[in-house]
Amino acid sequence: MNNDKWRMPKWFHQMGSPKWFYEFAGPLQLWFALAAFILLSMGIAWGVAFAPADYQQGNSFRILYVHVPAAILSQSVFLAMAVAGAIGLIWKMKVAFMVARSCIAIGASFTAIALITGAIWGKPTWGAYWVWDARLTSTLILLFLYAGVMALNQAITERNTAGKATAILAIVGSINIPIIKYSVEWWNTLHQSSTFSLTQKPSMPAEMYLPLLLTVIGSYCLFAFVLLVRTRNQILQTQTQTSWLQQHPDVTGT
Amino acid sequence: MLGFMMVIIKRDLLLIARQPADFLNPLVFFVLVVAMFPLGVSPESALLSQMAAGVIWVAAMLATLLSLELLFKHDHQDGSLEQLLLAPYPNWSLVLAKVCVHWLVSGLPLILLSPIMAMMLFLPYDAVPALMLSLMLGTPTLSLLGAIGAALVTGVRGGGMLLTLLILPLYVPVIIFGASCVAAAVLGMPISAYLALLAALLIFALMITPWAASAALKL
Amino acid sequence: MSSVLSPTNPPSAAPPKAILHVQNLACERDERCLYHGLTLSVQRGELWHIKGNNGAGKTTFLKQLAGLHSIDEGDVTYASNTTKVIYIGHKLGLKDQLTANENLSWLVSLSGSSTQAQRYDALEKVGLRGYEENLVAHLSAGQKRRVAFARLHLQYADLWLLDEPFTSLDQQGIADEQSWLRQHLHMGGSVLMTSHQEVTVDGVKILDLGNYALANDLFKRGC
C-alpha cells in the first residue's frame, strides 16, 4: 500500500486517527490560546503605546504591528493548507483534509486584514488606499485563491471528494506564494522590501522590531489555536457514528 | 501513446465539426467584446491604442473561459470520459490531448484574429508581432491551467461560474505579462523579458497540469 | 448459489485460476461505511451478480474494480497485467453526435483496432443491421445499449464489468443479453454485474451488498 512509500514515524500515522488527534489537540489548544493572548497583548501594547515614533511616518506606522503579522500569516496559512492537502492525498488521511479545510477561513481572514490594514496605512504614507504594484496585486490574488478554494469546498457535497479537490487546487495555487514573497525583490515596487530575514539583522531599531516579533509569533499561536479548535469541531461533526465519540465525556456530558 | 492521443484529437475535432456552435460562439464573443470598447468607452484612437493591449488580452481570456467548461463536460455526461480513463495509457496523455484540441479551436483562432482586433483598437502595426507572440505563448498556458479547473468542476453543480472563480487568480500573471509585453512593444522597448516570463509560465503549466487535471478527473 | 463473504477471512494470496482477487476492500461515502473488509475471488467462467438497494454501493464497487474510483483501503488484484477488462457503466460511453460505427471505432481503438467489416459484423450480432451509419442521437435507449454491447462482441475481454446491463432493453433484448452472457462464460470469460433483475444463468454467484452491511453492523460504525 501507499504507506510503504516513505517510512514515516509512528506519531505521524497516529495523528491521522481522528480519535487520537481529538485527544491530543484538546490540551494543546489551550496552551496555544494562552501563548497567543500573552504574546499578542504584549506585542500590540508595546508597539502601539511604547515604541518610538518613526522619523518619517510618525505614528501611522504603528499599524505595522497588525499588518505585518497578518500578511505573513496569510501566506503561511496557504502553504499549511497546501501541505495538509498533500499529506491527505498521499497518505489518504481524513484528518489532514480536515486540517486543510480549517485553514481556509483562517487564511482568508488574515489576507483580508492584511489588505485592509495595508490600505489604511497606505493612505497617509503613499497618498492612496490602493496601488496596483506587484505585492498588493499578488496578495489580492491570494484572497481570490482562498475564495476559490472555499467555493470549491462548498460546491462538492461528498466530503472526501471535496477534501481531495481542494487539496489539488491548494497545491496548484501555492505557486502564488513565492511570487508574493519575492515580488518586492523582483520588481521595483512601491511596497517596501522584507522586514524579516533569516540571515540578516533587521534594519529597524530593536524597540520597533521586538514588539513586531512578538505579534508575529503571537499570530502564529493564534492560528494554531483556531486551527485545532476548528479541526476538533470537524471531528465532532463527522465522527458521530463512531463508538469512541458516542462514549466520550465531551458528548455525554459526564 | 501518441496514437491514443491522435484518436482522441481526431474524435473531438470530428465532434466539433458536427456541432460547431460550442466553439464558434466564444470567438464571436471575443470579437464583440473588443468591439464594445470603441462603442462604449470612446472611439478616440489615442485613448484606444493605450488600452488595446489589455483589452485584447482580457477579451482573449474571457473567450477561453467560455469554451473551457465544455472540455470534459460532454464526455462526463455521456460516460465516454470513463472509457477514456480506462484506456491502457496514462491519464495525463488524455488531458494533454484534450488541451491540444481546446487550443486548436480556441487559442489558435484567437491568435489569427488578433491582427484584426489590433486594427479595431488602433494598436500600432509594430506591436502586432508582439501581440501575436505573446498570445502564442499565453493561450496554451490559459488552456492548460483552465483544464485543471475544468477537471475539478466536472460533474459539480454550478460548474461554469465556479470554474471562472477558480481559474481567474491563476490567469492573472499570464494577463499581466501578456499585456505588458504588448505595451512595451508599443513604446518600442524590448519584449524578450516578457516573452521569457510567459514561456516560464507555460513550462510551469505544462509541468503541473498533467498531474493535477488527471488527479481531478478521477475524483 | 450464494457465497458468504465476511471480514474475518484471513488474508491470502489469490488462488491460481482467479481472474480477479479482491482483498479487504472498503468504501466510505459521506462518513457512512458502505462496505468494509470485502474479500472475494472471481474465477474463470464465473458470473457474479451484485445485488443491493439503491445507495448500497454497487456502482462504486464496480468502479473500484475497474479502477475508476479511488481505493482508500484494500486491494484489487488482477491475474496479470494483460488481463483484459471491459467496463460498461450506467452511462454507456457513446457520443451522440457520432454514428454507431464511428462510436465502436473509437471505443475499440483505445486499446486495439478493428476493421469496418468487423464492426458491421458486431452490430449485426446485436441486431442493429442497417443502423450502422445512424447517429446514436437518433437511436432509442435500447438500441444505444445494444451498440454499447456490440463492443463486447468486437473485443475479447477476460472480464466484463457491467452496471445495470438490462436497463432500457425489451424482453427480446434481455433474452439476447442473457444468451451473450452464457456464451461469454462458456468461452472462459467472467462477468461481474449489477442488476435489479434476476439473472437466469446457471451457477450465478451472488454478492448482496445490502445484507452484507447489515450483517456486519456497518451502520453502527465508520469504516
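By letter and in written order, the chains are A, B and C; residue numbering begins at 1 in each of them.
Basically, contacts are C-beta pairs under 8 Å (C-beta built on N, C-alpha and C of every residue); 3 or more make two chains touch, one makes a residue touch a chain.
In this text the structure is predicted, and so the values were computed from the model without any measurement.
Enquirer: With centres defined by CA atoms only, which chain is the most remote from subunit B?
Expert: The most remote chain is C.
Enquirer: Central chain, going by Cα centroids?
Expert: Of all chains shown, the one whose C-alpha centre lies nearest the global C-alpha mean is B.
Enquirer: Can you check how far apart subunit A and subunit C are, centre to centre, with Cα atoms defining each centre and the answer in Å?
Expert: Roughly 46 Å, centre to centre.
Enquirer: From the C-alpha centre of subunit B to that of subunit C, how far is it in Å?
Expert: The computed centroid separation for subunit B versus subunit C comes out at 38 Å.
Enquirer: Mind checking the centre-to-centre distance between subunit A and subunit B? Centres are C-alpha means, answer in whole Å.
Expert: Each chain reduced to its C-alpha mean, subunit A and subunit B end up 33 Å apart.
Enquirer: Residues of subunit C that contact two or more other chains, please.
Expert: 70
Enquirer: Can you pull out the residues of subunit A that are in contact with at least two other chains?
Expert: Only 164 qualify.
Enquirer: Would you mind listing the residues of subunit B that make contact with two or more other chains?
Expert: 219
Enquirer: For the complex, give me every residue of subunit B touching subunit C.
Expert: 4, 7, 11, 14-15, 18-19, 74, 77-80, 82-88, 218-219
Enquirer: Spell out the part of subunit C that touches subunit B in their complex, as residue ranges.
Expert: 66-70, 85, 87, 89-98, 102, 106-107, 109-111
Enquirer: Where on subunit A does subunit C make contact in their complex?
Expert: Going by the criterion above, the answer is residues 1, 92, 157-160, 164, 238-243.
Enquirer: If you look only at subunit B, which of its residues touch subunit A in the complex?
Expert: It comes out as residues 145, 148, 152-153, 156-158, 162, 165-166, 168-170, 172-173, 176, 204, 208, 212, 215-216, 219.
Enquirer: Under the definition above, what is the set of subunit A residues touching subunit B in their complex?
Expert: Interface residues on subunit A, with respect to subunit B: 89, 137, 141-142, 144-145, 147-148, 151-152, 155-156, 161, 164-165, 168-169, 171-173, 175-176, 179.
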